[in-house]
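So, here's a batch of structures to check.
You will see chain A twice below: alongside chain B first, and alongside chain C after that.
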Partner chain A sequence: MIFAFDIIILVFLVVAALISLNVKDLLSASMIYGIYGFLICLLWAEMGAVDVAFTEASVGAGVSTVLLVATVFNTRRRSSD
Partner chain B sequence: MLSKVFATIAVAITGSILLYGVSDFPAFGDPHSPANAGVPGSESVSLYFIEESYKDTKVPNIVTSVLADYRGYDTMFETVVIFAAGMAIFAILRVVGNKEETAAKAAEEDSFTNGDHNRIIVGTTVRIVVPVIQLFALYVVAHGHHSPGGGFQGGVILGASFIIIALAENLNAALRRLSELNYVRLAAIGIFIYAAFGIMAQVLGSNFLDYGALQPIFMTDGPEMARSHSMLGVEIGVAFTVTAIMFAIYANLASRGQLVKGL
Partner chain C sequence: MAEFIHDHIQPYFNYWVYVIIMMIGLWALIAKNNLIKKLIGLSIFQTAIILFYVSMGVKDGATIPILGHHGSSPPASEHRLFEDLDEEEPKKAHGKPVDHHAADDEHGEDHTHGHAGHHKTNPDLIANPLPHVLMLTAIVVGVATLGVALAISQMIFKEFGSLEEDEILEEIKASASDG
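Let's look at the complex of A and B:
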């Protein structure tokens, strides 16, 4: 546990979460969600849970961001009805 | 406006109660905390895993030995959950029919046949990087019981290597390497591999997923190494399913279930 490192990650984590919730553009929101996942991965690695951090890096920051972006590309602002 | 004020007050009160509760927590990483050591009268199992798992299984990574051996039944049905999620994606998104028309249209728009030079740099980079990613994924699976990693992580990385091909070129290029029929087969084979280890243990006269009974098959000195080898086996099964389902979810999401062209 490195206290300064913890504080930096946690501050960035809260900032990333707030931006991801508040930003209007869905594509930006999903990219910032990827940053959030990567920061959580750093936090877990720093707490010694390397396996969980590995999973978060591959699933949370990697594939789920791609899936969100794929979904955003297939949505439109107007309904086709 | 008023509801926002009330929501803020509620959040503030809940947050302060939670923060007050945190102050009673044991210190981070305290080996004598109730979560790690249990309370007198009902000792926790974590100390047993830390002290005995290497002697039981000869696997240095305690996380993997708990995940794939002591709680193997749990992990097997986690894999089934991933399989079921993939099947649900098929059921919701997959569109069958009208395929010749869309396939012809996609071939027309294929970036490499009509000379879209913007994609040359991305395409070449991906072609160089993908073998490295896949090799790393196989290392993560194969070395998962000695270092961080395992079937889930390795499978996701392997699936991501196919997704990156689909992103850089188009979905058809990735589907040429891992077709729809093959990834559905791969997903089912993964669970069969996992269940086969359990059933083999039953056939040899022990409990389901009791890998120590597989000693005559692996011809090891004791049941410990048989458990270690079986963990590698079930991790490979998990990696098969996760690879296939990760790519399947992307392929169906990106192409609206048509499996042509993609993003």
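Let's look at the complex of A and C:
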């Protein structure tokens, strides 16, 4: 574990989570959630959990984002908060 | 203050951030009005729990839990992942003594003939893979719950024409008082 790398990714992680929850456009929120997923995938690889990193990149970040975008496509894009 | 940071924040930084991310997810689940936002908050909550478990498997100076062919080829690293048992005593890593002697006396004779030969893996230089394997399941289950929840919110949108929680509750109240 490299502490400087760790600290940078964790700060970006908190920022990405807050932006994704505060943006009013749901498509942007889904995309920033995808960025959050890939950041946490980097974090797994950095902590030595390479198998978890693979799964997170394909399933967590990839499929979750596709599901969210599909739902936004089928419903409404604007959010009140 | 500097002492507090050095003693309590720096060694446990992952744990501090996991609590922060978890509370962000919980806040989104409670305070957000839109159902999709609530589900994003749920996913963030789940990744926080996974972060907690994977952080428990981290060791200082440890490599990824993958061995070479037959566990005998050392990786390109300055760490001494494999020790020659014939020559040396087991190393002390991070101040914690590693006692391989008991196992060696019983099984040492049998194992010296195989491919792995005279090498033995030092577990202190490999990250603990058990939490990783457990959390692999948690990630897949998390995506499954997210998929089911998004499908249900699409059905809610078809029924009520909205994804906002307050509008849905008003609609339900209106239909209940009508019928």
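Convention: the second predicted complex is superposed on the first by the 76 of 81 C-alpha atoms of A that agree within 3 Å, B and C clash if a C-alpha of one lies under 4 Å from a C-alpha of the other, contacts with A are read in each partner's own complex, and residues count from 1 in each chain.
As a working rule, a contact is a pair of C-beta atoms (placed from the backbone, for glycine too) under 8 Å apart; a residue touches a chain by one contact, two chains touch by 3 or more.
Bear in mind that the values here come from a model prediction, so they are computed numbers and not experimental data.
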| item | value |
| --- | --- |
| First (chain B), second (chain C), both or neither touched by A:Met1 | both |
| Chain B versus chain C as contact partner of A:Val72, first or second or both or neither | second |
| Partner chain in contact with A:Leu10 - chain B first, chain C second, else both or neither | second |
| Touched partner set for A:Leu18, first chain B, second chain C, both or neither | second |
| If touched residues of chain A are counted for chain B and for chain C, the larger one | C |
| Which of chain B and chain C A:Tyr33 touches, first, second, both or neither | second |
| Touching partner for A:Val59 - first (chain B), second (chain C), both, neither | both |
| Partner chain in contact with A:Trp44 - chain B first, chain C second, else both or neither | second |
| Residues of chain A at both interfaces, chain B in one complex, chain C in the other | 1, 47-48, 50-51, 55, 59, 63, 67, 70-71, 74 |
| Contact set on chain A toward chain B in their complex | 1, 47-48, 50-51, 53-55, 58-59, 62-63, 66-67, 70-71, 73-74 |
| Interface residues, chain A side, partner chain C - complex | 1, 3, 6-7, 10, 13-14, 17-18, 20-21, 26, 29-30, 33, 36-37, 40, 43-44, 47-52, 55-56, 59-60, 63-64, 67-68, 70-72, 74-76, 79-81 |
| Touching residues (chain side chain B, partner chain A) in the complex | 28-29, 61, 63-64, 140, 148-150, 152-153, 156-157, 159-160, 163, 167, 246, 249-250, 253-254, 256, 263 |
| Residue numbers on chain C that touch chain A, as the complex places them | 10, 13-14, 17, 20-21, 24-25, 28, 32-34, 36-37, 39-41, 43-44, 47, 50-51, 54-55, 57-58, 60, 62-66, 127, 129, 131-133, 135-136, 139-140, 142-143, 146-147, 150, 153-154, 157, 162-164 |
